[in-house]
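As written, the chains take the letters A, B, C, D and E, and residue 1 is the first residue of each chain.
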Amino acid sequence: MSSQPPSRPPGSRRIYLLQVVSVVAIWAFVLGISGWILHLLRLSHQLHDVPSASIGISIVAIPVFLTGASVLTYVFVGLRRGRDAGGEEQR
Amino acid sequence: MILPRRDLLKMLGVGAGAVGLGGCRQAWSVPDRLVELALRGPGLESQVQTICGLCAGGCGLTVRLVDGLPVGIRGNPHHPLNRGGLCPVGLAGLEVLYAPGRLQGPLRRQAGGEHGATTWEEALDEIATRLTALTAAGQGDRVAFLSGEPSELFHDLARRFLHGLGSANLSRLDDAGLAHELTQGIARAPGYDLGGADLVVSFGLDLYEDGPTPIHATAAMIGSRPTEQLGALIQVGTRVSPSASKAEIFALVRPGTLGAFALGIAHTLVREGGYDRAFVAEHTFGFDDWTDEDGRERLGFRRLLLERYYPDRVAALCGCDPALIVRVARRLAAAAAPVAVAGGDAVRGTNATWTQMAVQALNALTGAFDRPGGVVMPPPIPLTPLAALPAPPAPSLFAAAGDETAFGVDPVEALAAGVLDGTRPVELLIVLDTNPVFSSPAGDRLREALARIPTVVALASFMDETAAAAELVLPTPTFLERWQGATTPRGVAFSTLGLAPPVVEPLTDARHPGDVLLELGRRLGGEAAAALPWSDYPAYLKQRIEGLALSGQGSVVTGSFEESWIQFLEERGWRFLGRKEIESFWRTLTQESSWWNPVRSRGDWGRLFATASGRYEFFSRRLEARLVELGAAGEGGASAAEALARGSARLGLEAEGDEACMPHHEPEAARGEGELTLLPFRPITARGSLGVTSPMVLEMFGYTAFSPWQTWAELAAETAHELDLGDGDEVRVESDRGHFAAVVRIHPAAAAGTVHVPLGLGHEAPGSLAAGIGANPVGIMLAARDPLSGRLSRTATRVRLALVKRRSRGGPPPRHGGSEA
Amino acid sequence: MSADKHEFVDGDLLRSIEQSGVGFRVATTVLGLTVLTAWVLFSRQILEGLGVTGLNQPVAWGFYIVNFVFFIGISHAGTLISAILRLSQAEWRRPITRMAEVITVVVLAIGAFHPVLDLGRPERALNIFTAGRLQSPLLWDVSSISAYFMASTVYLYIPMIPDIAILRDRGVRPRWLYSFLAWGWQGTPRQQAVLGRAVNIMMVLVIPIAVSVHTVISYIFAMTLQPGWHSTIFGPYFVVGAIFSGIAALLMVMIVLRRIFRLERYLKQIHFDYLSRLLLIMALLWFYFTFSEYLTAFFGHEPAEMRVFYYKVSGPYAPFFWGMVVCNFLVPVLILAFRRTRTIPGIFVASLTVVVGMWLERLNIVVPSLANPRSGLPTGYYLPSVVEWGMFAGGIATFILGFVLFARFFPLISLWEIQEGRELSVAETAARLETYLPDPPAAAPAEEASP
Amino acid sequence: MSRWGMAIDLDRCTGCGSCMAACHQENNLTAVGPSEAALDRVFHWLRVLPEVSEAHAEVTVTYTPQLCVQCDKPPCVRVCPVHATYLSDEGIVAQIYARCIGCRYCMAACPYNAKVFNWYEPQWPGQLQAKANPDVSLRYKGVVEKCTFCHHRVLKAREDAALAGRGLRDGDVSTACEDSCPAKAIVFGDLDDPASRVSRLARSPRASRHHEDLGTEPKVYHLARKE
Amino acid sequence: MTNRDASPPAPPATRRAGVALRSSGAAAKGVLVAAALVALALVLGGAVLWAARRPLEQPIAFNHALHVGQLEMDCTDCHLYAVNGVRATIPNIEVCADCHDEAASESAEETRLVEYVASGERVPWRKIYRVPEHVYFSHRRHTQLGGIECETCHGAVGEQVEPVGRPLVRLSMEHCMRCHQDSGVSNDCLLCHR
């Protein structure tokens, strides 16, 4: 952290970390939900109670979540990359 | 596994956190003994047979025990009365046992009027002292006993107790059966062989839910038969009860005209020749015109019927279609083994005795007496006879007939009047397991009288209205906690004896009423003690059973119903010989709890018809004699015919002369102002007096009318329409005496101009769940008497309905069918 | 990038954020207390059981489910409308998209919590995750609503990034919050391209999800065999109703906020005019669906259906049923069809009645079917208890509180979109002018006019 | 494997309510009390309902015991989000109280209104809890409950039969309502056994099932003379 | 920010963080307090749960090893209904009295038992192995029909010199279901849930 140029406001790196953590958390959440839906699919297979519609409806949900998370990540990464090359920091 | 709730909650708490614990709105009071048992883990199961003591029906029970604690009740499938079936109240037996509000120990009225705890010793001492003082003063006849215990065995003991004191004042408060006395000359109501009948014509009796033994009736008519041979039912009445809804023909009639309907049927039978000529010729009296001892021509029943009870007139009286009468009569004539029974409205009115006579006349016309599926006398139970005691000097205050009624008095009214008028003072009154303050229309007078009686001792399991008015309240064990000895219920065609030891130790400081009487006898000493020589009630029972054991009659109910029948046949004629056999018989009997004897000796007409003529009397000579006696009183020298007419007039009868002595339609008296007739009925959930201590019974009380925990007023749709009332409206039912609140239930098929209200709710006495629930229709009834039996009518009161509040909650379910169907 | 770049004409939009006043504190206190009361009532319900509600034997569902459907319906205001408007490049959308999206997120959270209120054992709600069964429409709801919540949150957030950066750059407190949320936005062309692409993806994604959410909610009812519920048009019927109530709620919010925050400069007559026309169309569409639904039931004349039908049309629910028709159809159509009454107060009244009417519609759907069971039980009766009313009030208070808090921290009108609109319009006008005005001397034709 | 079913002969049934009471006692149901009853929260797994029908200008009332009809295609099972209600191997629609979250979706979906809900913690006034049937669990607030076809009796009877070295025979298992019925109107047994009393009754021309048109395939048959 | 606080040069870092996050100081503190409260609640809750699970003590320190091992008795000699009954039952004085009507040893525990027997008072044994209230468990179904040894569910109770304070085998639904699965018995809920 000490590698930051002195002009940078203190704590910006911490905020960056928090941002990374939140993106990771979103992924965890999305993957968790997807995993959960898959778990339910497995469960319903075990219990022999799957009218195929329910599979369909839930299968749709997973890509939605993944897309949502991907879009967020894309924005996050895109905004980082798209900053002014000079690196004049937000103030 | 029995888990006390605390424990369950603890377990829940682990999963639910503190959240689960907050749910208890009321602390549970589980006795420590039970908690301890539950923590140790339940152990072994067992089953015992016993007898239901919640009403006089005497059904056999099988009680399931875990670790000696009862956890389940079901009907004893081998019991000849109920064959495994059981009514909702019987099934609630354990709720009665464990009910909240049971009397925990003896209570005595304190100076302030409240009841406070006392001990058995003190209470018994006090009673014994009073009794000793009374007997010493020669006032033994100032002791009276009102008993709600139906058993003959107990009745005998109670009678001896009173006789020992020099009193004959014992009343069981049950129906008089005067009609049988007048026409058949028998004091005890005969049995009806429902099991053998192919058609039952029921007048007012809700056969499957009311009457002495509804479950037996169901088992006999339906339960024990294949579906193709179910007993057919024709119902004549004012209300479509669940039983009535089973009827093949339902005749809706005006209240008080049931007897007329029966006579209309009789008319058709006679006119169309559908009656049993042989039986009528051989075993009846007064059918055809006859000549009396003085040579006077007298009216015969046949002529009475043909002249007076033709269908058009009867239909006009009853408010029904004349064709219906003919239809019922033809159906009756076509039946192989029909029998007619009366109950409900038919036995509650001011014309109850004549109505019952009219119904019985149908049995005579169809030759139902002493025929399988007819009216029979159950064989006597050969109990050990007890040595006779000298009769008390004064007659029973419950038997004393004044000149106002022909034969009897209403026991509650007589007691109350005697005390209040000072004509028959009572110094000490014992009330056992009955609640006349609540159940009698003269209840409020009785309450007044109880306040005047120096010592009122109530033996009861719960604090009821009568006990609340008593000075001493002594807890009795409920039926599962006491020795029971139940004798043949009324109206059953065979004999039964239920004899069962307690299933559990009393949960409260209660004593068996029999033991209380025996103990009192011991304390009194002298004649009273000599009259009751038994150490305790079981010892008394055992002595009475010896006679049964030695008689070799009947059989203990074991194994399946059929098995016991075969066993019975095999054992016929076999005699118990010695003490050892008696012991073994006693052991078997107490274990299996029931004995029965289905074998009737046929042709024993003397037991059925104990009249002077030895026949069934269409024309009651006894009634005639009494009417003549009444008419002649004070005016000697009148001719018999004049005396008869004057006697009838004195009783306020509409019928004149010979008709008065025969079954006829005597219009029902009406009391008070109002557009509707108040008719009480007893739903199956109101059987016995203790059912209402069970939460379940109260909750399903009005299940037929979607009315849990409340009293409802059943109205015919047209009546409701006239009064602008709708289903679910709250109304006030008002008579000239008082009023109560009820919820209107519109019944699609009820007699117009009536309001039917269930009996059984409306308790005031605190202490049980029933307090303040619903209303007691008896409480607003006006006094009107059956001029023959003296019993207070329950169907004579006119009432008005006043809307209190329109329906606030959902409506009745829609009707199905409709015009498309 | 200097802060003065953002010293633009719309600074008044940030007034509520930069200087929150007494009004904010009073509002949060009052609303907070209402919400707190609702939570106290809820804890009482947890402790004592669902008996504290007015629910009973045939009517096993009541206010909680009604409000669940109602709130989720309202939530369609937002995302769906803003996405459709964005997708169709309706330029006038710019000042209203943000508000619509906020409604969605806040109301969706409230609505999604309602089934939990309705649970007999809310502490076991996790059973849905450990042991859920996909064949239950409730699970379809869980996945669909959570997807919608996720998508609409993202869809609210991403277009907000430039505005957050403005706040950050203006040094509004709490600065860490804005720095954290601004994700390093500097407004470079590349960043703008990224953001634009992301918004485009999300707006396409959000529309089918939004449609699916209310369809699936209608399936809760339609998948049973109960009379009045078992209907194939329930899906579209619910979606139409949801959009209908969503637009009405949006209009109400716009009118109220316009008044409170003096947004007359931004929310102009034309916004209300366009939206109220949309509302009018939806009212007609709603009527069409309602008519079809009830006509089918009536014409089929199936006894169980008819019992429910008459219960609504002429029975105990007639006031609610006809109230619904009046509120959802007669009043809005009469007000909105005429230019003279299509004023802002008129629109407010129409929107209010539509919101009330749509709530009545949910009530009419949930309760009568349950109150008229097939089984021969007596007709049911449902009177919500104080607890249920309290929770309803709590839900509404939460909604307003959500708005108040949002307005306290974020601009209610998208600053950069308006800015972009202005710039675009200038460019567009310039481009259009260039097509017929003489070209400036010695210059190549401008090509950057495309949006 | 058995497929349990029940036949209720309405020509026999007198509407006496014994089945209702027996069920209440056997299955540890509790009374809700007057104030709750006034709110329509009375609680029976089996109830006797009066049905009024008008046909040919004649009004008739029949009193019919109604309990969970144990559908082979139960609408309640399809909607349960947590597998708390399910169709057991033997065709009993079971309710697993430990799993139930109390969403009451099954109640809303059941065309027979066979399910009841514990609005409050069940009350056992006095010492009543001592009589609780140890074979049946005590429920608690916030869960749905329903008729189990006296499944605990099935378990015991099967054990008894196995210990006697045989399979279950017709009549080995009886439900509490069947036991208590004085009219012997209720017959319980295995529908898969063509010789069992219940399957003979189910094939009777008098037999019908409630709301057969809904396709729920109930296993409770009501028998009545058709006129 | 917490990992920052935990790093060695703590004081300046905190101060710097304090500067940077000035406006959020109060919030951070609130979060910290809340976290501490949650942690405290967890610890307390855990303690309560742990306390609730403390081993049960029996009134008499019954020596299973002595009876089963040395005296070669069968479980069912005392647990009379473990094979034939639904419930195994814990033997009490009726059973004990068969052998212990008078003391057979000097053991203090036995003396206590004999006192119970002599006075006719029942020994207040504590139940160790219990299934939840909603579970129907039949011993005979498992022991006699299923042929399962007692040890499968009860562990090696027979080798215990002292009474066990808590179950040797944890009776959980997984335990039951695994065994059912392994032995090919149905896992239909209704077989156990009542």
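One rule holds in what follows: a residue touches a chain if its C-beta (ideal position, glycine included) is under 8 Å from a C-beta of that chain, and two chains touch if they have at least 3 such contacts.
Model, not experiment: these values are computed from the prediction.
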Could you tell me which pair, B-D or D-E, is linked by more C-beta pairs in contact? B-D
Just by CA atoms, which chain is the most central one? D
Per mean C-alpha coordinates, the chain lying farthest from chain B is A
Rounded to the nearest whole Å, what is the centre-to-centre distance of chain A and chain B, using the mean of the C-alpha atoms as each centre? 79
Here the gap between chain B and chain C, centre to centre from mean Cα coordinates and rounded to Å, is 68
Between chain C and chain D, what is the separation of their C-alpha centroids in Å? 44
For chain A paired with chain C, centre-to-centre distance based on mean C-alpha positions, whole Å: 25
Which parts of chain E, given as residue numbers and ranges, touch two or more other chains? 20-21, 86, 132-133
So which stretches of chain C touch two or more other chains? 48-49, 58, 121, 124, 131-133, 135, 139, 176, 376-378, 380-381
Listing for chain D: what residues touch at least two other chains? 40, 42, 49, 51, 78, 83, 86, 120-121, 138, 141
Under the definition above, what is the set of chain B residues touching chain D in their complex? 1-5, 8, 12, 20, 23-26, 28-31, 34, 42, 66, 69-75, 77, 82-89, 91-92, 94-95, 97-102, 208-209, 214-215, 218-219, 222-224, 227, 230, 240, 242-243, 245-246, 507, 684-685, 695-700, 703-705, 708-710, 747-749, 769, 773, 809-810, 813, 815-818, 821
Which residues of chain D touch chain C in their complex? 36, 39-42, 49, 51, 64, 66, 75, 78-84, 99-105, 107-109, 111-114, 116-121, 141-144, 210-211, 214, 216
Which of the residues in chain B end up touching chain C in this complex? 15-17, 19-20, 22-23, 25, 706, 808-814
Residue numbers of chain E touching chain B in their complex, please. 49, 52, 81, 85-87, 89-90, 124-127, 130, 132-133
Across the complex, what residues on chain D touch chain B? 9, 11-12, 14-18, 20-22, 24-26, 29-34, 37-38, 40, 42-44, 47-56, 59-63, 120-121, 123-134, 138, 140-141, 176, 179-185
